[in-house]
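There are two complexes below, and they share subunit A, which is joined by subunit B in the first and by subunit C in the second.
After this line comes the complex of A and B, so read on.
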């Protein structure tokens, strides 16, 4: 009742009905891997909420400040304001540590979700035309997420992050010609400068999040406009999307996921300590923590810095320092390759058609091999960033481990990529039903150059000519509206059109787009929709009771006001008539 | 209001949903109470986790049990507009009075905007104040120089005897303890074991080198006394102090710069110049 009124009021002003009906009928394919992007979105929301809280207490300054508070070892110590306020926020602000740790965990989960989402998009070929734009936006958001993660990690000005920032500064300074200028422009002088915390703060809480919000909106807008891609399956074509509707099922599920994300993040934030800066101490140029590991998503860079051999050379007397290659070149190549992949693949396959049906990873052995090889490479680098800890754990000299990792980082990706390539080819040839049933002979056969099996991985045969005898489109009137559904009698499959339309022609044209070439018939409608469930019935009952109550209350108030007015008019008969008119129009509809 | 009685499964599901939302509310109350009673990070976290988990379970059960499970399909029209549509759009954009037809004016506009954009880049230079030295100069120069006394982290000047035989002592230029590229360390070695003399010279085996790793600038703090090697905790570069602080393992490629020292007339150690090379990580203009 109230919802109804509000909806009507909005529609009177914005004509939202057609738009809303379309939006609520949006289809989301039912597959767990489509939730990874949402995971990233919801951890970003968690980051915004917890981050705003943190800004109230964080003092973004390199200036001196005396810490006074519950953490006894630092009580009375003079440190930078950033560090002192972080310790105060953790020890003396109620719920401060919970929010801070939740924020940090949310950042780790955010980047992890982005990387998993990216891997899903990559391996299923969801970046292909027409979705290259969203791929570019997504990769850009990954770089921004990494940048914001690093600045956020550095803001407390503690010893661990300070050393990390110094390493990054060294990497930037290694860039030929402009490195020293770039680093100095970013920091406002030589490291450690007085301007660096305020600058990182502005970037961390304003610039990058603003760009991220804009890009997320664009990402989602394009997603809605282009509709979802989907895995191939019965009743699914290049011209439709099969799944659940936004309202009601997907909205509820998505909100449940949001609540899960928050639950896990707050559990982590409350129970699992992360980045205890009070133990590391404030940054001092002459101090370092040992062991020193960064957050997981920059560990690949740190691992690369450790593994890269001590190569430096001079060009015309100018030094080209070692960190250039594992730092700048590797990072640059990584993101250039990510940006370029959709276009490189298109060029190589000479494929200019649009794809709304996804590949299974095995459908494209080269892509799978390259992807698995790359992931292995970065995984080895990430593990190598902990070589000193591993060395201590397994009691092996760290330099033996270093030599091992130097070999592994080159060999493992090749092996893993090759294996993935062979497995994909064997599976695509149909040698076995699943990975578990593959034999060595299957792999050997896959290694030989072979003619592609008919029908697999060919962009041309989008709609294979198959027997459509069991398929038909059924349309039926439902009150003033029309609905339609797709039925495949052989497969016992029924898929209903996502929304009701105004005419039979409209239903026919929608069905023609979704299932080209399938015959259409008009049928009597299915049994009426089940009545609302108990919860909704109860809610509706309460709603009606509440509405009736408020109407009754309004009526009573009105009557009382009328009575008073009449009494007043009786008391002052000389009152001008306009006032009485105005009062009666303002008094509502009586 | 429906006359139909809800089915047994629906009633069970409803009960579970209500219970889950109840748990969620209890978690929220628990959080508020914990906060009110003085706060406890772990308990607050658990309460919030319970609150949101209850919400999640309730919503998930609701979506799974009470919303009709059905498969739906939405048509996908494709994106290339019909040719007539494209032609009409193009016609609107390139109508006779359209600005895109004024090529000369567009060129002038482009010129103006380019100039404006280029001019807007200039204030970026202010990110690096003009009164500071040029970046390369700043990287090369340190507060060390002839006559600057060596002090420890607390600012106390050091005598040669203050450097024990079994460890390294972090030393700083007097008055500049917090400067990023200044930290150095003093160490006492046996001169007869030198396979290569220290770049900055030594005073009867007392040598001072820059503390910053020549790989990525981390302070090299781990001293392996017996071998005379110094290890960087960041990327495990190690330097052989007996061989002129030459890198012997790990990713560093250049020796640690040395600091020439002497004993001043007051008996305290002092530098006789700057480091023998710019300290810390390398850069394009490193000599």
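After this line comes the complex of A and C, so read on.
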């Protein structure tokens, strides 16, 4: 009632209903892989929620502060205010540790979900025209997520993150000519500077999140403005979207995913310890801890620093230090390649048309091979960042492992990429449905170059040109309007057009755009609704029974009341007719 | 919600720990009784002061140690000399189960001790009878974990890790985890410097500081310090990243698949 009136009042003033109606009717595809981006979105929401709580207690300052609290080994110790307040958050603030750990887990899952989402977009070719802009925004958000993850990891000013910050500062300083200036500019002086924590704090809670929120809005705005991409399939073309509407089905599903994300993150935050800064101790420039790793999403940089040989040389008297190549050049090349990929692929394929139907990963063996190779490369680097942990656990000398990883990082990506390429080609050429069904003959055929069976490059055509015996378009009048639906009898598939139109011709043309070459027939009346599921049927049955019961009850009560009134009237026959009328109306109101 | 301040009690007195504790007590009492006698005897005639061959310590030494370290601890091809290593070293190596070893290894791993506490003290006595002095088994008093934490961060964390979980060193050596060490073993290691570990004599860390350090290391193995839940072996961010990928993201992707499959029905 109230929401209805509120909505009406808002609509009167802002004219929201056309917009809302269009937004609520937006169709989202049902495939699960389209929800990976939402995982990142909801992790970000969890980050915002928990992060706000943390700012209430975190003291972003390098100044001295005496910790007094439950953690005995640090009780009475003078540390930086940032560290002391983090330990206080973890030991003395109610729910502080839960929120802090959930925040950290959410950060790890946030970046992981972004990487998965990126892989999905990449392997299905969803970055192609007209979605290059959203790809660029997405890659930018990945870099911002990495930056914010690193500043957040460094903010507690503990020994472990201090070592990481020292390494990053050295990497920046390794840039010839400008490196030392850049580092001093960012930190406001030499490395353990007093401005370090406040500046990182502002970047972490204000600058980067604000930019991220703006970019997420833009990302989603473009997604709504453009039609959603979808996988090819029966009834799916470049011009339609098959799936669920935003309201009610997709919104509910998305909210369910949000609940899942919160549940998993808070469960981890409560059950699994992350970044125990009280054990690490406060950062002192003269101290170190070992093994020291960054969070997983920057570990590939750490791994590259460990694996790269210590090459240094001079150009015109200027030293080019060792960390430049694995630290600066590799990171730069990585993100440049990510930014440039859609344009490079378009140039190479000379393909300027728009694509709304996605590739299956196998449709593009080169892309698959390059992607798998790159992912393997970064995975090996990430594992190499943990070489000292692995060395202790398996009791192998750490330098032997280092040599092994130096070989693996070059060989393994090539092998994995080649294998992915061959499997994709074999799947595309043969008739195996999945990797499990591939035969050796398929693979052997894939290794050869020029055999191209007809229909091998059918991924680009609008609809699969198979026989369409069981397919038809049904159109029917509904009041003044016409509706239509697509039906595939063989696959038991029925897709109803989302918009009603004014005439039969309009319905026919809409159906022709969506399903070219499918026969159209006019059917009498609306087709029967699909049989309800057991739960819905039971609910409906109970609803009917309850309605009937309440009607019966109301009728009984009414009869009883009437009988009583008649008895009363009989008992007071002298009463004037006006009062009797009044009594009856009064009785009716109660 | 102030938790009661955890007192310095060992949570579970495992039989083996009880054994080690017994060894500590015996050792703590032993040198006091022996000290005046030994200072009187001096090192002029250590061989003369050696107990007879029927002694338990001698018997154990001849059975388990002499084949590598020599009959009089003079050392051989397969084992170093034991003259002058000191009682602390012998007690550390034997009570942590690192000695005796059945074959030559670069760094013997920690095991359950082979001998009983009484046997260990007999062995210690026998080896110290070879002469040469060396650090005594330290007597550890209760210390202040707060100042112990600072000593640990400055001197121990670079190799054993700030969490005490241990780390790899060069050349296949390992700085082991500290969670099984008793206070006396920690103090012995500090004074003796086994393996690649540097020696911290009295001039570097005095006995007060050693007590504080041992108190902090005992504190470090306390499970109550893992206040946030499962510590994942205190291995740091990469183990956490693995959990984030496998547990969290695995579950969430499964949830998304489930939701997507339900929608397609």
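We adopt the following convention: the second predicted complex is superposed on the first by the 457 of 590 C-alpha atoms of A that agree within 3 Å, B and C clash if a C-alpha of one lies under 4 Å from a C-alpha of the other, contacts with A are read in each partner's own complex, and residues count from 1 in each chain.
The rule is short, and it goes like this: a contact is a pair of C-beta atoms (placed from the backbone, for glycine too) under 8 Å apart; a residue touches a chain by one contact, two chains touch by 3 or more.
Remember, predicted model here, so these are calculated numbers, not experimental data.
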| item | value |
| --- | --- |
| Subunit B versus subunit C as contact partner of A:31, first or second or both or neither | second |
| Of subunit B and subunit C, the chain that contacts the larger number of subunit A residues | B |
| Partner chain in contact with A:514 - subunit B first, subunit C second, else both or neither | first |
| Touched partner set for A:430, first subunit B, second subunit C, both or neither | neither |
| Touched partner set for A:94, first subunit B, second subunit C, both or neither | both |
| Touched partner set for A:470, first subunit B, second subunit C, both or neither | neither |
| Partner chain(s) touched by A:109 [first = subunit B, second = subunit C, both, neither] | second |
| Subunit B versus subunit C as contact partner of A:242, first or second or both or neither | first |
| Which of subunit B and subunit C A:270 touches, first, second, both or neither | both |
| First, second, both or neither for A:233, with subunit B first and subunit C second | neither |
| Where subunit A meets both subunit C and subunit B, residue numbers | 94, 97, 101, 243-244, 249, 253, 256-257, 260, 264, 268, 270-271, 284, 286-292, 388, 398-399 |
| List of subunit C residues in touch with subunit A within their complex | 1-3, 5-6, 145-146, 148-150, 153-154, 157-159, 161-163, 166-172, 174-175, 216, 219-220, 225-232, 234-245, 247-249, 251-253, 255-264 |
| Interface residues, subunit A side, partner subunit B - complex | 25-27, 94-95, 97-98, 101-102, 130, 163, 166-167, 169-171, 173-177, 179-181, 183-186, 188-192, 226-227, 235, 238-245, 248-249, 252-253, 255-260, 262-264, 266-271, 284-292, 302, 305-312, 318-323, 326, 354, 356, 387-388, 398-399, 402, 486, 494-499, 510-511, 513-514, 529-537, 540-541, 544 |
| Subunit A-touching residues of subunit B, taken from the complex the two chains share | 1-2, 4, 6, 10-11, 14, 17, 35, 38-39, 41-46, 48-53, 55-60, 62-63, 66-79, 124-125, 127-129, 132, 135-136, 138-139, 153, 170, 172, 178-183, 211, 215-219, 221-222, 232-237, 247, 249-254, 280-286 |
| Footprint of subunit C on subunit A - complex, ascending | 30-36, 38-39, 70, 72-77, 90-91, 94, 97, 101, 104-105, 108-109, 112-113, 116, 153, 159-160, 243-244, 249-250, 253, 256-257, 260-261, 264-265, 268, 270-276, 278-281, 284, 286-297, 299, 382, 385-386, 388-389, 391-392, 395-399 |
